[in-house]
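Alright, structures below, take your time with them.
In what follows, chain A forms one complex with chain B and a second complex with chain C.
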Partner chain A sequence: MSAEARTAEPEIAALVRERLPDVPFEVSETKTYTDLRVAPEHLLALATGLRDDPELAFDLLRNVVALDMEEAGLEAKYHLYSFPHGHALQITVAAPIPGCELPTLTGLYPAANWHEREAAEMVGLVFTGHPDPRNLLLEEDLRIHPLRKAHPLQKPEILQGIEDGPPGVEV
Partner chain B sequence: MSDDAATPAGPAMPPYVPDFGNEAERLTPVDLPDQTAAYRIVMPGILQTGVDTVLAMSRKSSLWPMTFGLACCAIEMIGTFMANHDLDRFGIVPWPSPRQSDVMVVSGTVTKKMAPAIKLLYEQMPNPKYVISMGACATNGGPYTEYDRVLQGVDKIIPVDVYVPGCPPRPESLLDGFLRLQEKIMEEKRMVG
Partner chain C sequence: MAIWPEERVAAAAEGDLDTVDMTVNVGPQHPATHGVFRMVLTVDGELVVDCEPYIGYLHRGLEKLSENADYRQAMGWWDRTDYLAGMCCEGAYTMAVEKLAGIEVPDRAEYIRVIMMELSRINSHFMFLGAFGADVGSFGTSFVYAWRERERLYDLIEEVAGDRMFPTYFRVGGVTMDLPDNFESRCRWVLGSVRQGLEDLDGLLTGNEVFVERCRGLTPVTPEQAIAWGFTGPMLRATGVPWDIRKAEPYSVYPSLDFEIPVGLQGDVFDRFHVRLAECYQSARIIEQCLDEMPGGRVLAPKLPKTLRIDEGELYFPTEGTKGEYGVYLMAKGGTNAYRAKLRSPSFCNLSALRDLVVGSYVADAIIILGSLDIVLGEVDK
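Up next, the complex of A and B:
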């Protein structure tokens, strides 16, 4: 962790900009990662470059996080790590609004398969070209996205006595 | 944090329409049989008190819970079966099949995906059968109140005899739940099934 924390500085972004000059991205810092925000059409080019360049060599896809940004649409975040160099990176992609479609990274990282299935069922991203787009955790016939902010909650139940409602709920 | 997609000029997100499939059908409660005692029809009157007392005493002395666990409460349940708290001295022996079991200990969070399997296991148990709802999640959803994918209490789908409070309950609480179930069996002796 300490080696990773040393190298997870903005110089990794400068290195990516130097090695992959064709891919436009914006750099920002989070508490754990240097974040590269790319457009969806540049995602595959960036990921391919990050994996195959010998100076970068991001050979491990740690995680795929999907977020519901409400009116700003859906976002996916990819956490990458390099075993040879010990540095880490985060890619953020905002999915295009009506279709929420992103290219799959399964061809580059086999670990993306289940992560993308989970992201697809939980917030409703659509990964084009995914080899196995079934539900991973939910039942097979459900077409719901439980981690959307708009997903309905259950009604809280009053179990004992009409005056013993949970706090903040009108009985 | 730049939100390029947040510009109001672009197209809006399509409305979110969840499709729950036939989940409501899977979560219907079980059909309970008519639990009138058979011996009352066969032997009306004379031996009634003696027979049901003997049956209830033998029944409460060999409660076999079905071996399955759902969440962290299962760890406490396993600890209750182990040597320190030793449920064997009450004749409570875990049995790995629903066909010969008497009690079902619902130990943990019942998700809506797991609920049909629990219902199926309950229906496979022979009469008379008892259910202990262990912990806050199995009782009413517990910390997962209002969360959509968790069933708000296992009594939505199967009838429950004893509720054991706690999150998770201590082994002593589960032990007390079993003792209360034994008391309950002695009190309602009529169910012969």
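Up next, the complex of A and C:
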């Protein structure tokens, strides 16, 4: 591979830069799709452009991943697909550190509703403007975030026969 | 003395009687919800005016557990997401790990995997066809027709993998063991029986005027709506969009196989039923091609590391599950465990539009609409 080809941006990132010149983002490659890293304040502008621009036309929000990156704070990743053009990409947004607030994408993609509710309860992201910010998979009044790295995995506990222990096992 | 005052009788005759909305709780333990799923319907007479789905009763923390187990150990948890088609889930997870680690899989293993994944797909669709017939009102008949074939499919899967529902047959780098000696003839016999079973079900349900009348034209969905709601799989194809990840973003040996994508016309309940029925025939075609072209050789890649450590990297790997796009997101940070594992569950996304589909229909139709989504709660709740 020549030096030029290595430094050149992937096709889809170059296309996004050409069509949406006002939105700054960093480009990297994952094993499957190109990743665009964008600041939280530009997320809505980027997503709106990606959806509405006829050359891009990302009309399917397939997935939202919420991550706890420990010292780097919380992150959200969005996976988009375009039916008219058959291309796909990933957007990464790091949430601002104290508030962990990101704008909701439910206005653009109705499919984001449950994905964002899950992301909010699992790692503690806050999606401002979400129409229904209740817990989805966890109990409604539970305020824990199980997918944070600090949240411990529970050890197996013996619920029956604690005094004697199960046969063959020392307690 | 009249029980009803005169003016109320007159109002009822004119159809402007005041009624009170009633709340009906369906589930979580209810056969019509196909698992531990609860929906609270607000009904005005027979008409559904609001629907609030509640999920999470089967949440087992798949993602947390996968982050705390070895890449290979974690596979057992993924089996238990779409438990009607365990092999499809295993396939998605192992292929994602292989792609992340850069492990090559022998050709023979790829063909065996495709056979097992397509057998699981038929199995899952039979579950839908049988249970959906029962939802609409064929009582047990369609269910028993479907069960006859599912039993044969499960027997075949058991012969290969040693287990029926949760086989954990795939390995990172191939499959556990080679096929049994008489597999090809047994598989062809089962496929013949599957085709007969499909024809029986087709005759029983599509040939039944009551069934067709109840399903035809019920909640038609346009392609634009389906895409906005995040529908994939048969739910999207029923609206007429010929999108299948096996063709659009192919993986494994699917590019070398010849099959078609069945699509519907108007995205109504009948189309969803019919797309799944037609898909079973295509899956049978795929399996027969794989049997014809099956190469020899190893079934597990040589020189696999004893402990699988994956360098820093991430990927989102979509596959065509039985319910739609079954995607696996993995992030590796150099250790033996995934730093983050996330499942994009097709049932979860399809179910999220339930309220929009159900509101405005009759209570009896709400059950059919829920059935037509073909959800499996292990996958919705993770």
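In this text, the second predicted complex is superposed on the first by the 145 of 171 C-alpha atoms of A that agree within 3 Å, B and C clash if a C-alpha of one lies under 4 Å from a C-alpha of the other, contacts with A are read in each partner's own complex, and residues count from 1 in each chain.
In the analysis below, contacts are C-beta pairs under 8 Å (C-beta built on N, C-alpha and C of every residue); 3 or more make two chains touch, one makes a residue touch a chain.
Note that this is a predicted model, so its numbers are computed, not measured.
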Taking the superposition as given, does A:153 touch the first partner, chain B, the second, chain C, both, or neither?
both
Could you say whether A:14 touches chain B, chain C, both of them, or neither, answering first, second, both or neither?
neither
State whether A:86 touches chain B only (first), chain C only (second), both chains, or neither.
second
Using the touch definition from the top, say if A:32 reaches chain B (first), chain C (second), both or neither.
second
Applying the document's definition of touch, where does A:59 land relative to chain B and chain C: first, second, both, or neither?
second
If we overlay the two complexes on their shared chain A, which of chain B and chain C does A:113 touch? Say first, second, both or neither.
second
Check whether A:141 is in contact with chain B, with chain C, with both or with neither, and answer first, second, both or neither.
first
Overlap the chain B and chain C contact sets on chain A and report the shared residues.
137-139, 146, 151, 153
Complex contact set, residues of chain B against chain A:
1-6, 10-16, 18-23, 112-113, 140-141, 145-149, 152-153
Of all residues in chain A, those that touch chain B in their complex:
26, 28, 37, 69-73, 94, 96-98, 124, 137-139, 141-146, 148, 150-157, 159, 166
Chain C-touching residues of chain A, taken from the complex the two chains share:
30-33, 35, 59-63, 65, 67, 77, 79, 83, 86, 88, 90, 109-111, 113-115, 122, 135-139, 146-147, 151, 153
Please output the residues of chain C touching chain A within their complex, sorted ascending.
55-56, 59, 61, 63-65, 67-68, 99-100, 227-230, 232, 241, 243, 248-249, 313-318, 325, 327, 329, 331, 340, 342, 344, 348-349, 351-353, 381-382
